[in-house]
């Protein structure tokens, strides 16, 4: 039915769509030479979707957790932001977040910091009490971001 | 190689696909005027994919957790359902669920309620013991839904 | 503006894209006749994306948790792998993993096993302390995989 040029176009579009949707890039920004790297990527970008690893509220250079919970919340959100931006996306692209927290009394403190990272609308989010987190952190934050269409 | 109409078609299809895949809508149904809104959306719809926030088994009007765990399970699943339907999807579109629960002895009770929300096939699911949940809830439920192609 | 063949092509492409992106398949491999099946699928494949249920480090035939934590880690990762492969994907397609663990002291043990499942790059991952897991398991593992474009 279709003429040859139509068929070629169809094939070209199909191949392009498959590549754009499922090609992946591993995002790894923060490792230091001193660390034995754990078996994770900071994020994986597949097509337009970025899967963001659980980031701990631990300073990647010192391995320390800040004493002040507000500073701790800022530290973990800055780490998430760096991963998002390393993948070429922005925090406006984040659509879903999970916060794991070892002390639910820190809910308001966390929110006061978190709010400023999303001036244009809040992602879907769950705030969950964790039994424990690695390295004594109070917070671990993971999520999903989807790149928006570029403005013409 | 391609004639001008072909090229225009290619551009049109590309632009359409990008918009459909990555445009987003914030879903916010349940807030009452009395609440200080927390920095979350109930859900975010991006293209065909809806990211559903963690919903607590707490009555959004009273802030209370039902005494009966079966009523509590129904309450949280009804909240999830309202968010899904506010986004224009149905529970049949749900593909993945995470249940966080502070008392694993409630597993069978939760399942007996949960089952009825998915008569046509069960989403992928994890049922996880949480250290604690906000406001004394026994359940927090989050997930992902993907809109199915409309019937012709 | 568009000639009839162009319009037909446009419709064909649109229908094809919608079907490919949102059609779903329920993956259910491991149930035995003896079990009352819980209301879950092992995974749900929608378009190219596989949502992988939380798999427990429990032998599906015996209901037992291995005594050795290293064997337990291998058991749960093998279960995940079977679900991924039942859906027609491979572990190389996995883009995101969540590990829930009742004893964070098992972090290194888990990693030593986990590492071998991903020789070509590590998924995004969160490693989270769970309050408790069903059936006394130390590990529950869930995730997302995205089928890569087939090689030409």
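Lettered A, B and C in written order, each chain numbered from 1.
Heads up, the rule we're going with is that contacts are C-beta pairs under 8 Å (C-beta built on N, C-alpha and C of every residue); 3 or more make two chains touch, one makes a residue touch a chain.
Treat the numbers as computed from the prediction; the structure is a model and nothing was measured.
The rotation that brings the Cα trace of chain B onto that of chain C spans 120°, given to the nearest 5.
At the interface between chain A and chain C, two copies of one sequence, fewer than half of the residue numbers in use appear on both sides, so the contact is built from largely different positions. Centre-to-centre, using mean CA coordinates, chain A is 19 Å away from chain C. In chain C, the positions touching at least two other chains are 9, 13, 17, 98, 102, 129-132.
Put simply, chain C touches chain B in their complex at residues 2-3, 6, 9-10, 13, 15, 17-19, 21-24, 26, 38-44, 46-47, 49, 51-54, 98, 100, 102, 129-134, 140, 142. Put simply, chain C touches chain A in their complex at residues 5, 9, 12-13, 17, 48, 95-96, 98, 102, 104, 107, 111, 114-115, 118, 121-132, 144, 146-150, 152.
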